[in-house]
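Both complexes below contain chain A, partnered by chain B and then by chain C.
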Partner chain A sequence: MSAKTLIGRVALYALLSAITFLVCFPLVWAFFTSVKPKEEIFRWPPTLWPESWTLENYRALLEGKQAYFQAGAAAASGPPPSAFFLDWFLNSLIVTLGTTAISTIVSTLAAYSLTRFRFPGQRAVPYLALVGYMVPSIIFVFPMFLVMADLRLTDTLFSLILGYVCITLPFCMWLMWAFFRGVPIEIEEAALVDGASRLRVFWEIVLPTAWPGIIAAAIFTLIVSWNDYLFGRVFMNSMENLPLTVGVMHFFDGTHVDWGLMMASSVLMTVPMAVLFMLLQKHLVAGFGAGAVKG
Partner chain B sequence: MDVRLEGLSKSFGSNQVLKSLDMTFPERRFVTLLGPSGCGKTTLLRMIAGLEKATEGAIWFGGRRVDHLSPGERNIAMVFQSYALYPTMDVAANIGYGLKVRGMAKPDRAEKVGIVAKVLEIGHLLARKPKALSGGQRQRVALGRAMVRKPDIFLMDEPLSNLDAKLRATMRGELRRFHLDLQTTSIYVTHDQLEAMTMSDLVAVMDAGVVQQFGTPEEVYDRPANLFVAGFIGSPPMNFAEVELETTGGRPVLRLAGTALPAPDHFDLAGVPPRLVLGIRPQDVSVTNPDAAGAVPGTVWMTELIGSERLIEVEIAPKLRFTAEVKSSVRCALNSRAALRLDPARIHLFDAATGRSLARQDSLPG
Partner chain C sequence: MRGFRLSDRQVGILFMLPFLVTAGAFMVWPVAEAVRLAFYSYNPLRPDDLTWVGFENFERIFDDPLFWESFSQALVWTGWSIVLQTLLGVGLAMLLHVALPGIAVFRGLLLFPYIVPTVVIALNWRWIFNSEIGIVNHALVSLGIVEQNIAWLSTPNMAMTSAVLLNVWKYTPFVIICVLARLQTIPTELYDAAKVDGARAWRRFIDITLPMLKEVLVVVIVFRTIWTFNKFEEIYLLTRGGPGTSTFNLAVYAFEEGMANLRLGVAAATGVVMIVLLLAGTVVYVRVSGFGQEEKGS
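Let's turn to the complex of A and B:
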């Protein structure tokens, strides 16, 4: 290895390390803060490594409701926000899985029809869909709120699912469209000649071939719907119906912030996505890569 | 099982790609559809497979009309140009998929796949995915998938075009051998005349959606029905020149670049217009000394050595050159004078207006 190459490589690794540090530091900070007692969180100068470890914040989030009712405090001032954490978690889970299921299934079928059947506007639809995705969500959210209000769907999880489907479907369809364009039609014709029905061809030949694209579309939808704040903030108002992202903001009441609960919530919110990424990252890269090249 | 086409037409919008075809592919024969790109040969094959609907006409397999049936109901097998292997399945699953669709039990399927794999010498590849195979191996898997079901008809769409020249030559022989062993009616599409000539029992030469000639390889080569077939078949291509039909001493004479050649008697020249097109293959032209009687004089324009033969291109009139294929030992200096002697028995004559061959009807295939 020449000196020039060595310097180049060292510089590259230094840059990558700096970026990794920038990305990971908040997560590490959040985790250590979540396992510190309250007094240590506010100590000056701050410390990264906890002096004493506690799971008090996690217990408050995961057992808060149970503890509140067991304490018989219901009549006094209502449950604290932490008592709703599991409700919010479940809400986010339902909305995310619902959105992902609808968006992935609809976009897969739509994209397949866009690449395989001939009809007017066939070429324009994928590009128009992409243009739709480029418009910021904030422009959609208020008209959509009015529509939801007319439909009497506000403050329901279904309204959130519908909202997220509107946001994610166009991009997923474009992604799957790019993917299906790369699936040669001959393999479907070969299966037809082999005697398979159209549905069987789609199920046994096309879907397995398009699997990386489907995974990519699903992960994109999961990320968008799990992380969204705007729609949850506008569409929902009952404490027990909030998604996680909006719910955890109740740990901040204008006068003080419960950083311990906030950080513990952040860690618990991050875990499902992190695990999912670790399991599916291979497919994700393949899916986005295929879409990019073949599109 | 024979395949019969009745008035078969196909249009894409206003573009008519097949024009009322009537023909029969005889049972157990290997028939090649040969023609340039866009002549409609692949469309015809896809219509026989059921992958394209006919605009008009009917397709019969034996006594059964099939044009309304789906591809799976026709009991055909097809080998695609790109092989079209299922990328997520291993070789065994690829070959056995048609059997699986037909509900065959797994052990029986495995046995049949094993037999075919052994014949094709791909037994050691059964657990591999298509992406881990070479072009030749993929080709064999595609063939295996077609063979395993024992179809009534084999359809092949330029299956050798993605292989390198050496492998293509090997596979030509193997495909022919498989056909002779299986004796299944086969329809093969190619634009490569060498494939058509070496593998086929019958060749249908197509152009502009019409079958220009349907006959044995010898017939289409030796007795082309028209100018298109004459020019398309043969390498190097046939020499063509306009000639005048004259009568000298009561005998018909062809005037080619000023030289009078006696008109061969295998033509029906009664009542034909005086302007004709003469064609002759380079193999039927020899080079002689410039003053030889009955030879067409000219100037050597180019020579090319092509192995054991040499191509000598002689300019016999301004912008009119004829090629002769001669032994490589024959040498001619560039720009030297030479003359070409045309084998009278091998001369072809065509109507300049219609392109139709003027050879006697009884010498043309029916």
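Let's turn to the complex of A and C:
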């Protein structure tokens, strides 16, 4: 389709801009709120463009613990939830990266093995992965919690990594399986005939061509593990061990809600995803296209 | 790898091993455990007291009005979400398919909500839909659309509306991605031929675009229906299932039974019901997508 007339073009741009504005508004509004001082946030009618800009909400989050302990008030009732923000951020980062590493490596190896060698039950695995992909976390979470409790792993970041590996592995497996099925094996066979070992062929020929698939699987895993709330909520209980998503929901615990703090944390929580999105947008679309449409 | 060589068989097993161990220990085992728990009475605070109760948990949920309320609310929530996502998704994909300079920027911005954490959206939603100082109420009142502030999150219908809006906001990009990918593969000659024949834009959409999209739309709708029906976080983080129990779906019901009432057996039984519904959905999916045929062909 094409828009030929000038008026048609202007109308299209106007329509697209209006829709984009509506879609982006909640995030833009969160940002504006996060840079307003407290009294301006609660003013009615609200100021659309911030009258005065401040970083006090971000400072409260990023310096939380130090500022609090320096004030010497921690003894009274324990530090407020916001004091743990940096801990939570770090936890989420560790868990996300750990999950991504494990999930992509395990699924790449298994998918290669499945498409290149013969196994009993080989054909069933992608089907099972499909079913596993659709099973919602709410069904996994309690029995998995009991398994973690048996292994004495609850309230550790490792238990979260294991949980996220389980919810991401089926899709990664499926993605990599579809990917390797589409890679012609002639080059590999030629190298094998020339006397290269299977491991060497995998390392030097297969892996370099597999990057698009691996990146798509990694992006999917990064998003799922950075965004999850349920596993963190059920598995973890110490304040300093929470992932970011579970932690910030504690901001609602107090008697009055500090919207400035909340919007600042929602901005900070979105930034890593936004950076990832800008860097890898093409792969993201390709990956989801391959996984969801092809199937 | 000098000195010794692994045979293909050994490499194959070695590569599969991590997957089999992880899947076995942390997926198959928990699911088996979930099904087993559904036939027991179990409270995590008294781990030694695990009593076989047969189908009692199932009888209990089928007798529980809240279970049926959650079920029908899940249908409402899923129905509205899917209809809106599909209509908006197809419409926006058509818009984004137009060849315009700078269209990539719009594409990027409109797809972005898909990767925003649900917690972030829930926080933002609670803020913009705040009944006293929320910007949505301010806009509606000052534009004269409503006369007084709407209690978005504290009245049942409005809470469900807000939850559906959240879901639509976050997941319409998924529909756009899938539809856009398909649109780009439709040969333009088809449209040119139709234009020569004098077909108007609307007819071209009905006669060419829609039939081409049918396949991908069926798949997307089945997928989104299964996922939306079982969604937990989108509802729980926004409304906690409230006000009262007016936004409970089965996932929230299972979570409350397990987490608040500590009846893991009942939660597991709810999970089993969800798995059965899910398998039915998967069968539909396999039928309509031709997943099985493709496999036989290769």
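In this text, the second predicted complex is superposed on the first by the 260 of 295 C-alpha atoms of A that agree within 3 Å, B and C clash if a C-alpha of one lies under 4 Å from a C-alpha of the other, contacts with A are read in each partner's own complex, and residues count from 1 in each chain.
We adopt the following convention: a contact is a pair of C-beta atoms (placed from the backbone, for glycine too) under 8 Å apart; a residue touches a chain by one contact, two chains touch by 3 or more.
Being a predicted model, the structure only gives us computed values, none of them experimental.
**Student:** Aligned on chain A, chain B and chain C: do they clash or fit?
**Tutor:** fit
**Student:** For A:191 in the superposed arrangement: first (chain B), second (chain C), both or neither?
**Tutor:** first
**Student:** Look at the residues of chain A and decide whether chain B or chain C touches more of them.
**Tutor:** In the superposed model, C touches more residues of chain A.
**Student:** Which partner chains sit in contact with A:209 here, chain B, chain C, both or neither? Use first/second/both/neither.
**Tutor:** Once the two structures are laid over each other on A, A:209 reaches chain B alone.
**Student:** Does chain B (first) or chain C (second) touch A:200, or do both, or does neither?
**Tutor:** Touch status of A:200: both partners.
**Student:** Is A:134 in contact with chain B, with chain C, with both, or with neither (first, second, both, neither)?
**Tutor:** second
**Student:** Using the touch definition from the top, say if A:45 reaches chain B (first), chain C (second), both or neither.
**Tutor:** In the superposed model, A:45 contacts chain C only, not chain B.
**Student:** Give one of first, second, both or neither to describe whether A:142 is in contact with chain B, with chain C, with both, or with none.
**Tutor:** Only chain C is touched by A:142; chain B is not.
**Student:** Classify the contacts of A:160 with the two partner chains as first (chain B alone), second (chain C alone), both, or neither.
**Tutor:** neither
**Student:** Considering the aligned complexes, could you tell me the closest Cα pair distance between chain B and chain C in angstrom?
**Tutor:** Minimum over all C-alpha pairs: 10 Å.
**Student:** Go through chain A and flag every residue that touches chain B in one model and chain C in the other.
**Tutor:** On chain A, the residues that contact chain B in one structure and chain C in the other are 197, 200.
**Student:** Which part of chain B faces chain A closely enough to touch in the complex?
**Tutor:** 49-51, 70-73, 76-78, 80-82, 84-88, 97-98, 101-102, 145, 149
**Student:** Using the touch rule from the top, collect the residues of chain C that touch chain A in their complex.
**Tutor:** These residues of chain C touch chain A: 1, 5-6, 8-9, 11-13, 15-16, 18-20, 22-23, 25-27, 29-31, 33-34, 37, 44, 92, 94-100, 103, 106, 108-113, 115-121, 123-125, 127-128, 132-133, 135, 138, 142, 169, 174, 177-178, 180-182, 191, 216, 219-220, 223, 226-227, 230-233, 237, 251, 254-255, 258-259, 264, 267-268, 271, 274-275, 278-279, 281-282, 289, 291, 295, 298.
**Student:** Spell out the residues on chain A that touch chain B in their complex, using ranges where they run on.
**Tutor:** 184, 186-187, 189-197, 200, 205, 208-209, 211
**Student:** Enumerate the contact residues on chain A facing chain C in the complex.
**Tutor:** 1-3, 9, 12-13, 15-16, 19-20, 23-27, 29-30, 33, 42, 44-46, 102, 105-107, 109-110, 112-114, 116-117, 119, 123, 126-127, 130-132, 134-140, 142-147, 149, 162-163, 165-166, 169-170, 173, 181, 197-200, 202, 223, 226-230, 233-234, 244-245, 248-249, 259, 262-263, 265-266, 269-270, 273-274, 276-278, 281, 284-285, 288-289, 292-293, 295
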